[in-house]
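Okay, got some structures for you below.
Consider the two complexes below, in which chain A is the common component and chain B and chain C are the respective partners.
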Partner chain A sequence: MNIGTRKILDRSFTAVGIGSIIVMAIALMIVVVPIVTNGIGAVFFTGTIEHRKMLLNEFRRGDSENLSSEVASSERYRANVYNMLTGFEAELETMAPEKKAEYKGKYSQVRSALQALLGPLPGDSAPMLTRSKYGQTRWEKAEEKLHDLLYESKWDNSNPDVMSKEYFVNRAIGFEGTSLVKLFPYVKDNLEKMLLPEFTVYWGFITDSSVDSHFFGGIWPEIQGTFFLAIGAMLFAFPLGVVAAVYFTEYAKPGFLNSMLRSANSTLAGVPSIVFGMFGLAFFINTLKVSESKSVIAGALTLAIMILPTIIRSAEEAILAVPKTYREASLSLGSTKWNTIMTVILPAALPGILTGGVISLGRAAGETAPIIFTAAVSVGSAIGLADVFSSPTPALSWNIYNLASEHEAASQIRHVQYGMVLALVSIVLLLNLSAIVVRARVSKKLKG
Partner chain B sequence: MTVDAKDVSESAPVQKATRDIYLPPERKKISGGDTTHISAKEFSIYYGEFEAVKRVSADILSKYVTAIIGPSGCGKSTFLRSINRMNDLIPSCHTTGALLFDGEDVYGKFTDEVLLRKKVGMVFQKPNPFPKSIFDNIAYGPRLHGMNDKKKLMEIVERSLRKAAIWDEVCDRLDKNALGLSGGQQQRLCVARTLAVEPEVLLLDEPTSALDPKATAKIEDLIQELRGSYTIMIVTHNMQQASRVSDSTMFFYEGVLVEHASTAQLFTNPKDPMTEDYITGRFS
Partner chain C sequence: MIELMIKKLLQLLILLAFTVTAAANAAVGTIVIDGSTTVGPVAKTFAAYFTKKYGVRVTVSESGSGNGAKSLINGSCSIAAMSRAMKAGEIGAARTKGVNPVANIVAYDGLAMVVHPANPVRGLSKAQISSIYRGIITNWREVGGPNARIVVIQRESNSGTEESFKELVAGKGVQITGSAETQSSNGSVKSRVSTTLSAIGFLGLGFVDQSVKIIAVNGVLPNVITVKNGTYPVTRPLYFYTNGQPSGSVKQFIELPKTAEGKRMISELGFVNH
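And now, the complex of A and B:
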């Protein structure tokens, strides 16, 4: 091979390598930046007076005196809206029947848009759901709802060859010539005074339970459930995995059985996680009956089975990486095999074993499929440590999926979804970081 | 040049050359040093089918220093490691014949290899301290054997380090990690670690091959210090070293013990022409 080709070949590795890293980095940015920006929005946002009302009523948080003065000032501006509504309702009664029917339909749309914006209006019956008790709690959502009030969304499907297109019609035009026409500019100009937006830091997002299936409140039950499941899984899988790895490396005699066990272990590592979920349901709940139905313990056991092969593998590799000379030195001093393993081999393999363990812990925290049938519920309160044997728990991974796809008002609570994703990503990242720190500290101690 | 293994081992009965050990004037005779400590009888070691050590018969006298020389792959390390059964780590390794330590069969059915290794300490080619503090390295053996008294442990550590002539260098940093020491210091630490369990025999497997000349000299001085207190066996590639430190020398070639004689005799007046070829450097 001539020198030119050689150089081109060498450089092609560099070029393709750097290229693929750049592609990965860009892809990561595209995913991570919205998660971080939107997720932070769950804690730091511009909250309205409705948010403060909600906090006081549902969580007993906030300054009630301050709030009542705020409510008073907000009500001054809202009163005009209410007056306009009652004025228009009186006007409606005087109209001719067909005109009245036409306006009544439009008016009810306006009313519901106003309810979404400001909360229940005077004359409404007490709402059933907590979410209907309050207007918009977040200012950016309020601005969207204002748009809904001002403009009616219509779909243009006149041309059957193209997809129908959404367009907006100014609602005010529909009320031309009535008293209600003044409402629209008034609400537009005075929305800020009615909702009193101010910058809010809501740490309760992390520490509170949710109210009305994640409409308000926080994600603490999910965070706690994730920790319970992941740590529970580790409590089972880590000791078992390390012992199994010691058996494989130190005690197993090479042969048919051993190679079968090893390949079984490798195969288990590659089994899709949903299969482990089914297994957990069939084995732990239906056969062993560790609990009546879904429970933290069943989920933790299922996750444990799932991460066990990985822990065994990494521990095995860590043990094999311990220099043979340590073993020889220990044995030559009259140490038994057991003592050699406990006092020399396992301590020296500890960094590797721990790294594998913490990475598995991160995986257990993030897995969804194994806990669908065994542990996860979509809405629930934080459970006590004594309840892990009987109660299911919400968990971040499952609730992210649930909120994004199965929640009846998924588009209303995007900030909660992003907040959960950010929380999960942070937890996993934190675990991996701690793995790096632990590894560095232990190996520094070993190297001297 | 090959040797027919059978011929040699049949023609060579148990080589008792060291019974009437010839000592040069500068080496003192050791009292009580004329008892056989380790004795091999038609002793063979196999790796699977391969016979690495072929029907060796020899007596090793207690308290003297015995050197084992020979070209690479001649089985000298295998023989040394068989004395404290370190070869057990290799699954395919098995033996025939007898190897007696204090009159008891090392490979006997009821031999406790852990107890044996306590009596037969070993220092390896590469210094291999544990990744622990210097103190913990030395105290490792005594602790294993049930010594937990801190004061007594400290005494043992100091005594062992003094015996290994490294006390002065490390006495102020016993709590530092042993891997921070230099190669030569590490090797002497390994000797001290072995001495801490108070063995009767010290096996040195090329203890200076990874060390520089200065550190080598220190290890050799150390062997001279320990001579008379322990039965020492040292495998070495370095013939000068063998002649400097040992009282008797075994020459291995292709698994066969070709000659076993007092060092002075083997190096000045070898009986076997092959030994002569080797020590004069005609092959290696």
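And now, the complex of A and C:
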């Protein structure tokens, strides 16, 4: 090959390499930027007075004197709205029956839009569900609800051959000539005074339990469950994996059985995680009965089996990478095989073993499928360490899925879902970082 | 250093041993609910209320009616939430395992047929819906709508809602068209219908919101009155199944739908009281 072709090949290789790194970086940005920007909104947002009321009532948090003065000032403006409603209700009674019926339907829409915005109106019976006890707690949601109050969505189906088109009608026009027509501009102009939005930092999103299936409150039980599951899986898998790796590298005689075991291990690493989930249900819960129902322990065991192959493989590689001279030096000093493994080989291999452990820990924290049938529930309170043997737990990965698809009001609580995603990504990142630090310290010690 | 690690590991094991003994005490007073995604909102709300009022921990999984039944048969849940009655086969399987499933009706639910709000079709007859799901009617034009292919959305085989739908509308043992899309929960049916102009699907009444449009079945729209008096043709009860007659806190939980507060929660969630 002449030098010119070689140069061209070399350059094009460099270009492809840099190009793929750039593509990866862009992909990472596309994934991470929305996660971070949307996720942060769960903690930092413009909260309304309804959020502060909720915090005081549900979590006994906040300054009650300050709040009651705020409530008083917002009630001054709300009172006008309530007066307009009672005024219109009185007016309704004086109308001709057919006109009354016509307005009644429209009026009940206005009422429910107002309830969504401000919470229960005077005359409503106190609701049982926490979600209907408060108006909008977040300002950006309140603005959406204001739009719902001001405009009615209608569908134009004048052309029967195509699907209808959405258009918005100003609700105020529907109440032309009645006293209620004043309500719409009033609410529009005074919404800020009625809801008193201010910048809120809600750390409770991380430390609180959820209220009324994630409508309010935080995600602490999910975070805790994720930790329990991931660390529990490591407690089982890490020692087992290291022992198995030591056996493969130091004790096992090369032969048919050994190579079968190794290839079985590699195959296991490629088995889809849902298979482990089903296996965990059938084996740990239905056969071994490690717990009466789903439980953290059953989930941790299932995850442990899932990450075991990775740990074994990486520990094996790390042990094999220890220079042969270490082993020979130790043995020549009269040390036993066991002693050599414990004092020379394992410490030298530890950084590599830890790397495998870290990758697996992150995987255990993020997996959904193995815990669907063995550990995860969509609602449950935070569990204590003593309950890991008997209680299932909510966990971030599963609850993200649950909120995305199954929750009855998924579209109203997107911020919680984003917050959970950010929390999960941060936990995995945190685990990785802490393990990198540990690893760095271990290798430093070994060198020193 | 390895010795230090082993020491730490031993300490951990001792700690674990302690927690095992502690767990034996903690296990008392937990209610585990598994099953239907349709009953999910009721179960979750009841769970929060019950935990607050009696201090008993309640966990809720929404994995589908079929899985709820399996969990009850295997003894891995105390209450199976189901949006259909247990089948004879399931009851048989339970009996052989020494489990005696008892049905407790929580609430009634109308199975709402939903389309995208842009769809001008206001109502369909049961026969028309059945034909749509069997693949005989494939275009909205055939039922008075615009010229658009119907995207049929059904639930997975594990779903009680799917079984109720088949039983009440399509007819038992009917083969649903192979081009039907399968979604795994009420929530995902709703989001699919609300983003697909020509879709049709079915939802528990508690899941309906403005993002989809309910259509009348045989000229009747589902609401509290029509579901309660049975004029809405696709009405079904929702169940909490227990093993034998429940006692203790499970009994208290099962009886929540009979209390005034339980009834309020059910109706605020959009379901219909027993």
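Just so we're on the same page, the second predicted complex is superposed on the first by the 437 of 448 C-alpha atoms of A that agree within 3 Å, B and C clash if a C-alpha of one lies under 4 Å from a C-alpha of the other, contacts with A are read in each partner's own complex, and residues count from 1 in each chain.
Convention: a residue touches a chain if its C-beta (ideal position, glycine included) is under 8 Å from a C-beta of that chain, and two chains touch if they have at least 3 such contacts.
Small disclaimer: the values here were computed from a predicted structure and weren't measured.
Shared-chain residue A:Arg327: touches chain B; no touch with chain C. Residue contacts after overlaying the shared chain place A:Ser391 against chain C, while chain B stays out of touching range.
In the superposed pair of complexes, A:Ser213 makes contact with chain C only, with no contact to chain B.
By the touch criterion stated above, A:Lys145 is placed in contact with neither chain B nor chain C. Within the superposed three-chain arrangement, the count of touched residues of chain A is higher for C, of the candidates chain B and chain C. In the superposition on chain A, A:Glu406 makes contact with chain C only, not with chain B. When both complexes are overlaid on chain A, the residue A:Ala348 reaches chain B alone and has no touch with chain C. Shared-chain residue A:Phe373: touches chain C; no touch with chain B. When the shared chain is aligned, chain C comes close enough to touch A:Asn157, but chain B does not.
Looking at chain A, you'll find residues 343, 347, 445 touch chain B in one structure and chain C in the other. Chain B makes touch with chain A in their complex at residues 84, 86, 89, 91, 114-115, 117-119, 121-122, 124, 126, 128-131, 140-141, 144-145, 176-180, 190, 193-194, 197. By the touch rule above, chain A contacts chain C in their complex via residues 127-130, 132, 153, 155, 157, 159-166, 211-213, 235, 239, 285-286, 292-294, 342-343, 346-347, 372-373, 376-381, 383-393, 402, 405-411, 445. Per the touch definition, chain C reaches chain A in the complex via residues 1-3, 9, 12, 19-20, 22-23, 25-27, 30, 32, 34, 37, 40-41, 44-45, 47-49, 51, 57-63, 67, 71, 74-78, 116-120, 145-148, 184-188, 191, 197-198, 206-207, 209-211, 261, 264-265, 268-269. Contact residues on chain A toward chain B in their complex (touch as defined above): 253-254, 323-336, 339, 343-344, 347-348, 445-448.
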